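You will see two complexes here that share subunit A, one where it goes with subunit B and one where it goes with subunit C.
Moving on, here comes the complex of A and B:
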């Protein structure tokens, strides 16, 4: 495991290498270009080996002397150079900070280096994909929303944080959870429960579920940020903890599950480091309605958009497995979806005392 | 300070009292009704004494025998009774859980108690306003998004959480931060910095600003939730800590400031317990552009909507003070707004090393 310092040196080397190549082309009086991976859909695929969404091998050249590329070429060099500065100064900034730090009028012209953040963001992604590093490793922070508790400690800089003593709150997951920054210690848990919703996470925390059942509970408060996904991947890879996802029985909840498990198309170039293919879908499912005798009043009729999304998801390669196809068909046939909170109709603690324990006991998961 | 147990007894008494009155009316063969505060705009005002937005004295009767009220009367009694159960069982649930827990088809009819959560939420608000208690005191949780660090400890149940040892993350503020739940200990800070944006909060945390400057830093990640506002009010009231707000120089940032300071119309019935009138506006302002020589490239042109919002805010009673009127006029005249991240143009650490220290040193605040 490289230290933070070794990691920074490595990142800096990769960036300098990119700059050196450009310099050499100029010295040779060659039109300089940067070779970048193609990030369009045509180059994205589901890799059966890693079981994640991945970026293919296609690359394209961004050429300084091609007038259609010149502005982007200039921006790419600027961003690479600024990131190198951040890494050398050991400072982490948001992608919005980076945009503002670089935005200026080019001397002697009326031209700004960037007009909008929508110009600098894709350049950052190009570089991430090109040098195969996470944005966080480039010292760029992303918003993180998640909270986590459980029987483990986190060593983060000089601080050691006891995640089993967080009261009714939780530890706010930081943006960068790479091994050189965040050390996981004294872990004593049998599995991870990845909970879609904050309100449901609070139920599991208040009921002390994680203490009684020796597990980690984490929520991304909706679609999780990169940091929550990366941390769960580390817990799974480094400590072999199974991951169970607890989501609404609706297209949105199931989509979030698929992002946790195999990643998203928009982050395909980083998914090997973010996705956790071992994740299993604990629930909720429409099948649960019969199994747990959930009253029909708390189900919600599907909208046209729901049906459209279900049909789309049915066609995704990673949802081709029979149990998922059956679940999607059942959902359409019953014409309803339901939320985790609907289980409150069976009693406020039904979800922590009956539903989840029974599902885990009977291993009643979707793949 | 009442203990959690005493508080619960008090809440339960208030609810039972409401039920008793209804029972007595029925015993007297009177058409039962519940007297509730009017929560429309006509009954909301800015109270110069408490310096918060408040609900007036107007009430109206919700009558069982008035066919236009019957459904709402039934719902009010149901919600009051369920809340009493929650309080007696010492369990906290989300308002969505409450909705589902109560949703059922009334025996012998095709009528559901509630069709949508939009029916139960206003009833909860009626009860909060009626018995003058916060939703959290009624054992209802709201989403909280905020994170906090600083030189203080939190005693929360059996756990004592050291907010000066949170690493690069922070403590996720829980929903209920009432004194009977959350005890503030070993506080050693001179002021609170209430930061609008998560990315900016991360800058202040990474730079160790709160350690060097003996302060608490908190963010609500945009518009803060009730919990963050309540916690800041407690820190201000109980420990006399000044509160400085650090927001974007735009109508949205300034509006968030006004909610922290005097509250919002929609929560008027709770603002005495949520708002912190002592809050001062540290920045950002358009005046800062000259004072700190911020390059014009990083300002953003106002939209039509911005101008509309500025004109609305200019007319609010709490923005009538001269410095605010001048700020709004300047904003319109210069025709720009700017974000906190724009300060990164002056250097990534300009905001923590120069801007905020200088503003505090010179007490250059807006009221």
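Moving on, here comes the complex of A and C:
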């Protein structure tokens, strides 16, 4: 593995090379462009070997002389120059910091280089994909929001944190969980429960579920940031812990599950470093409504958007397995979805005392 | 108990009727003659005076100079003066020409005529004396004599009454007409005398018009002559059998000099020859040797019915005198000064036996369109709205636009196709002139043209043709604008790109920026050339995008 210093040198070289190429085009009096991998559904594929989503080799040119590209071209050059500066100065900043560092009014106009962070974030991802490095390696950190508890210790720099003594709040997952930064020690757990929602995670923590059931519980509070996914991947790889996902029974929850398992389309270039293909879907499913006799009145009718999303997901390669196709069909046929909190109708602790233990015992998972 | 009304003897009633007949007729029918409503009346008065002057000048082959002045004397009380340089009226004819209502009415002439036949100036005189109680002033100068007179109309006798008449020492040529009017109101706008005169000048480029407005904000306005060519006189045609009604046929039969009905038909109708006569004989039950003056209604009816079936050659169409494309162009440049325009004069066509012809002008940008009160925030200029200018035989039609065939034809065109996104809100003037020996007005007011399929279709085709030309201009203009905006866009980002590259590679920012500028200019020039070579489609095809769809976003 290259050392941190070698990595920095490589990043700087790659970025300078990009700048040099653009300069050469300008010198040749050509409209300059930057060649970037296409990060859309059309250029991702499911790699059966790694069981993750991967980026294809389609590229497109971001051209300065194309009115649809020109602003993004300018932004890409600015982001590249700023990242190069960060790497050379060896400082870590958040992607939000980067956005503010580059945001300024373009001379002679009332237009800003970047109007919102949502303009700079995709450009960062483009560059990550293009030079095949993680943003952490570019000295950029994304804000993480996930929390985790369980019987294990974390060595973060000089500090050692005992994750079974975190009280009701849990340990906030830092944005960089790479092995050179975070070390996992003294782990004693049989599996990881990845919970979609913060409120449900709190129920599991308050009920001491992880103590009684010898597991680790983690939530990404909705769509998890990459740090939570990377940490779960490490726990899975390094300690061979199974991962069970506990999500709402709706297209959104199921998509989050697929991101944990195989990765997302927009970050497809780095999914080998983020995805955990061993993840299994514990619940909720629409089948559970019958199995656990959940009253119909706590279900929610599907919206037009839900149905559209279900149909899209049905066509994804990684959802082609029969149980998933059946689940989607059932959801459409019954025309409802279900939130995790709906289980509270059967009792506040139904989810921690009955539902999850029973599902794990019967191994009633979706692949 | 209600009062029992006192009975009035028939003789008494009839006496009253006779005394007031002409005046009563006039009062009851003035709305039909355009003299109802304070604002509309003042425009109608100007219209009558102007058409009279133009017709006289045209007949005498004189380049017309008109000066119309309106002065406010009190509330809803104005003096209107109209001066022309026409042939004038000889002293012996003046009383008859001006002072007898309906005097000018000739029997149904089929010729392209400007104004409203008949009621004309005498109606204006009667309206003046009815509202102001005063006679009107007229000065007339022919090449031989110059004199002035005050004249009114004796409503009882429907006869002119001259109050005073004097020789003038200073000789001149033309007519000076001056009269007072009450119950009228001058107001700016689309139906105002000023607008009427502006449009008259537009349709009659050989006319010079000066207008002195009672509104100090308008003051003196001059519409310069755009052409020194006096249009040829339109020719009169005989009625075509297809367009003849029973009533008209009997009217003609009464005035003919022919002794036999067959001769009458052959001489007094257009395109009625021996073949038609042969066909007609088979379809009627009476003898065509008969004296036409003895024709009965039923017999005339048979003839008219047969006319619908018999094959006739289309009427001659060379009798019409359009403004012509060349003169209309000059006129548009002179009066509207648009950025771009297109003018179409269609070939003559025929409806119901009458020859007609359609002329259309579409003007865009510049002073085209009607100025509104609104100001465009971006340009600081007054916002302009589309105006439709309707003309019949070169005479502006200002009222009842909604009922008019011209308005319907204009609205029937899909202007969006020609690059005009919102038809009502564009700097656009659409002018339509219908010329015919017989304009099919919707009513006696003669302000709107009736729907005739053939006329509607000719108008629509002409408008589409003109619209296409305007469309090409507008898209060209948009390209120009797009090019400018593209350049601005690229140059705007060039400096930022140079800043970034400077940081990344250490090359001087100014050098990079200069080179980028050159690249942008080269590219735009190349595109322009492609455009000129008809490569528009090619250019559009180049717009493949880096389509960055949002797909299940993360973070």
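To be clear about the criterion, the second predicted complex is superposed on the first by the 259 of 367 C-alpha atoms of A that agree within 3 Å, B and C clash if a C-alpha of one lies under 4 Å from a C-alpha of the other, contacts with A are read in each partner's own complex, and residues count from 1 in each chain.
We take it that a contact is a pair of C-beta atoms (placed from the backbone, for glycine too) under 8 Å apart; a residue touches a chain by one contact, two chains touch by 3 or more.
Quick caveat: nothing in here was measured; it's all calculated off a predicted structure.
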{"item": "A:9 touches, of subunit B and subunit C: first, second, both or neither?", "value": "neither"}
{"item": "Subunit B versus subunit C as contact partner of A:122, first or second or both or neither", "value": "second"}
{"item": "Contacts of A:157 with subunit B and subunit C, given as first, second, both or neither", "value": "first"}
{"item": "First (subunit B), second (subunit C), both or neither touched by A:266", "value": "second"}
{"item": "Partner chain in contact with A:314 - subunit B first, subunit C second, else both or neither", "value": "neither"}
{"item": "Subunit B versus subunit C as contact partner of A:65, first or second or both or neither", "value": "second"}
{"item": "First, second, both or neither for A:334, with subunit B first and subunit C second", "value": "neither"}
{"item": "Overlap of the subunit B and subunit C footprints on subunit A, listed as residue numbers", "value": "143"}
{"item": "Contact footprint of subunit C on subunit A as seen in their complex", "value": "15-16, 18-20, 22-23, 26-27, 29-32, 36, 38-41, 60-62, 64-74, 77-78, 80-82, 84-85, 106-109, 111, 113, 121-122, 142-143, 223, 225-226, 255, 259, 264-267"}
{"item": "Parts of subunit B lying in touch with subunit A, wherever the complex brings them together", "value": "86, 89, 91-94, 96-101, 103-105, 112, 141, 143-145, 147, 154-157, 159-161, 165-176, 181-182, 198-199, 202-203, 206, 221, 295, 297-298, 339, 341-345, 348-349"}
{"item": "Contact footprint of subunit A on subunit C as seen in their complex", "value": "486, 489-490, 492-493, 495-497, 499-501, 503-505, 507, 512, 515-516, 518-520, 522-523, 542-543, 545-555"}
